[in-house]
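The first chain written gets the first letter, and so on, giving A, B and C; residue counts start at 1 in each chain.
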Amino acid sequence: MDNLLTLLIDGLNYASWLFMVALGLTLVFGVLKILNIAHGSFYALGAYAAASFVGWAASMKFAPWMSLVAMLLAAVAVAVAIAPVTERGLLRFFYGRDEVLLVLVTYALFLVMEDLTKLIWGANPYFVSEPYGLFGSVDLGQMSYVGYDFALVGLAVVSGLATWWALNRTRQGKIVLAVIHSAEMASSMGVNVSRVYTLAFGAGVFLAAVAGAFTAPMISVQPGVSVGVVVLSFAVVIIGGLGSIEGAAIGALLVGLARSVAVHMAPSAELFVIYAVMAVVLVFRPEGLFQRIQARKI
Amino acid sequence: MKAILEANGVAKRFGAVVAASDINVKVGPGERVGLIGSNGAGKTTFVNMITGYLKPDEGQIKLAGTDITRMKPRAISALGVARSFQIPQLFGDLSVIDNMLVALACHASRSGFLRPARDPLAVDQAEELLQRFRLHHHRSRRVGELPGGVRKLLDIAMALTARPKLLLLDEPTSAVAADEKFQMMETIMSALKEDPDTPVLFVEHDMEIIERHATRVIAFYSGRIIADDAPQAALAQDDVRRYVTGELATE
Amino acid sequence: MNTTINANASRQAPAFLSPRVLAYAVGTFALLAVAGFHAPTWLTYLITIAAGNALVSIGIVGLMRGGVVSFGQGMFFAAGGYGAVLLFTRFGWTDALVLSIAGGGVALLLALPFAPLLARYRGIFFATLTLALSMVTYGVLMKVPELGGSDGFSIGRPTLLGERLDGASGSYRLYLLTIAFALGMGLLARVNFDSPNGLVTLAARDNELRVEYLGTSVRRLMGVNFLLAAFCGGVGGALVVISLGHVEPGFSYWTTSGEFVFVAILAGYRSIPAVFVASVMLEIVRSFSSAYFPNTWQLALGLFLLLIIRFLPRGIGSLWNREERK
């Protein structure tokens, strides 16, 4: 049964990573109705920024746990630097146009950011490995797991709950929910919809950057990171239902477990499995598991 | 006189709401039938059942002898039922002439690839219809830019490309300025004069237009037909005056 | 019913392709053939690849006219490429012309089971389902050893009418073959777009409901468009692979599909030559950037795409097709 435990734990770890990545994407779609391809780029930016900030913290001989603070600051920096400029300087011009057109705009943004990251950080990989050892290791059964992975699970849960709480239990959040439901109605009730958009987009970028920053120690931060993240986050969000946080959580768990099963029992199917689940959901329940918008025309 | 449209014992219910009940109608060639009744009385339900968009719970609908009750909308359209829409359903990005050509292309035979869409024969047919509706001078304009009255006329012209056996007009003069209404109905009716045998059913709220242009009036109330007669006679009936035109107060 | 307003009503319907269009096509071929003979090999090679890629984008344009954007045409590009390679290595089919058409056929077969499904989707869901399917294909291609795994396959030089296409003269003949296919399929696309199905496709993009009420099945239309796009993608894939000499799973990755979409957007759906021009532009930017500014070609592409979307939303084709109401 150790194998089963490993499988489940691996699945859970991967699911947390996926959820962190997908949360921002589904939020942005829910509010702005934009399926943001550049979301993967924001993730990558978070990871790169974390690499820089953590490296800087290390060179200043700060305590090891300060690297966590550095990561958080990196995410904040990315959100502050990128979100307002992108939303106000670019996306705003295309609101109200065809949803696929907006996808293309974010695709163009993705292309631009790919190279910008390369220009700033170069093409060589960064390894932010020191923080990975911060939480030691956890022994379960016969296997030893990295504590950091579990900490990430905790972070995923916290992010999800915080987002949910912010939307459903705060006044500002209720306003955002109103805009999600109908921007036109909300606007006619006096809500500053454009400010909500900026806020929501900023939150989306921040969440993507947080995901990138805190998972940087687990990957090699290099060009191309964003590319894989795009499809994975899409898969999770589609499965769960565009715009749904619970959906993103369930989707992440499903995909995480599916991948874990594949890795442990049929390794050659690993890549295939994730996209296959996405395709299957799209075929049988294209709205996703938690969605009300109509996907099929006829 | 062979009936073009026949409805026998048609009924339709939506849960507790009776949308149609005991509908018996026979429409022959050349008739101009006005369908009147207040909102929710059953006129649109009736039209939608003829076009196949709704299926009756009971009864039968026949087109020129063929039972179309259970047929799919596209099949019914292929048999010769055409309709226009209250809010004109057009192709806004295309020109007027292209809208007509699309309509013609949709009715074309299976050989969808053998002739270009803008084949001169098709263009001639399209232009001829546009002439009838006095839309010819708009032919190259983009439909999205056209005023409401022109759009309504185009909507009807497109329905006619099918050379239908039965034409259904859903509120042809609604959303048109009061002073334009009569002119528009004149244009429509004179355009239809070229097809004197095709029966036309039109949903209409303006009784003056009904009196002027209909050869027959069917009045609906609560899903039932309360009058089916020549316009003067139908409009004089107490029930019609009570439940449709509002001349008599209801209890 | 009063018939003739126009006394010419009884004249013969013209053929789809006017003599003028055919003359342009033949003239362009002659021009490109002569130019290619004198041009440096890197240029003819670039145009060969661009022409093959453009075929995939023509398929996307066909779908865009119906109002949907496919983010997964890489799947059919790959199908054509892998099809050509497998037929070459396993069955000994070496003729380039046959391989190209066969590549289209393989892609068509792959598309067949999915066409009825995809015909029911629009917007984001069409885009993401096509993306998902192409990524599944990628996953399969990466992991199945019989299909070459992550390394893919190589293909030797094909033959044409019996002769092996070796060396510089062989490359030149491949160039001629590719542009001949490009022109030929471009003409066929023109025929399709001018046909009743083509016009009704444009209408469906605008108002599907009315098309249905006018008696045409939009689902069937979209399905047919999808199959045609797949065929184009397959032919393009086969042609590119034959010139490239190699095929690998990346052909089906979403970023490859994205580039085909980029070209289609850049070109717009009003002019077929624009698609080839746009594809050549992409190849030129790609080649020069890799050589001189390796870290900026995607930046250039992205900015370019944004400019086009913002200022020329109907693509570069609208620059010379402004009057036409297609």
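In the analysis below, a residue touches a chain if its C-beta (ideal position, glycine included) is under 8 Å from a C-beta of that chain, and two chains touch if they have at least 3 such contacts.
Just so you know, these numbers come straight off a predicted model, no measurement behind them.
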| item | value |
| --- | --- |
| Distance-maximising chain from chain C - centres being C-alpha averages | B |
| Chain with minimal offset from the mean of all protein Cα atoms | C |
| Whole-Å separation of chain centres (CA-atom averages), chain B against chain C | 43 |
| Centre-to-centre distance between chain B and chain A (centres being mean Cα positions), rounded to whole Å | 53 |
| Rounded Å distance, chain A centre to chain C centre (Cα mean) | 34 |
| Touching two or more other chains - residues of chain B | none |
| Contacts with two or more other chains, residues of chain C listed in rising order | 212 |
| In the complex with chain A, residue positions of chain C that touch it | 68-69, 117, 120-125, 127-129, 131-133, 135-136, 138-140, 142-144, 208, 212, 218-219, 254-255, 258, 261-262, 265, 295-299, 301-303, 305-306, 309-310 |
| Chain C to chain B touching residues, read off their complex | 1-6, 8-9, 11, 13-14, 16, 191-192, 194-200, 202-203, 205-207, 209-217, 325 |
| Of chain A, residues touching chain C in the complex | 35, 90, 93-94, 98-101, 103-105, 107-116, 118-119, 123, 227, 230-231, 234-235, 238, 242, 268-276, 278-279, 282-283, 286, 295-298 |
| Chain B residues touching chain C - in the complex, by the definition given at the top | 51, 73-74, 77-78, 83, 89-95, 98-99, 101-108, 112-113, 115-121, 124, 127-128, 131, 140, 142, 158, 162, 194-195 |
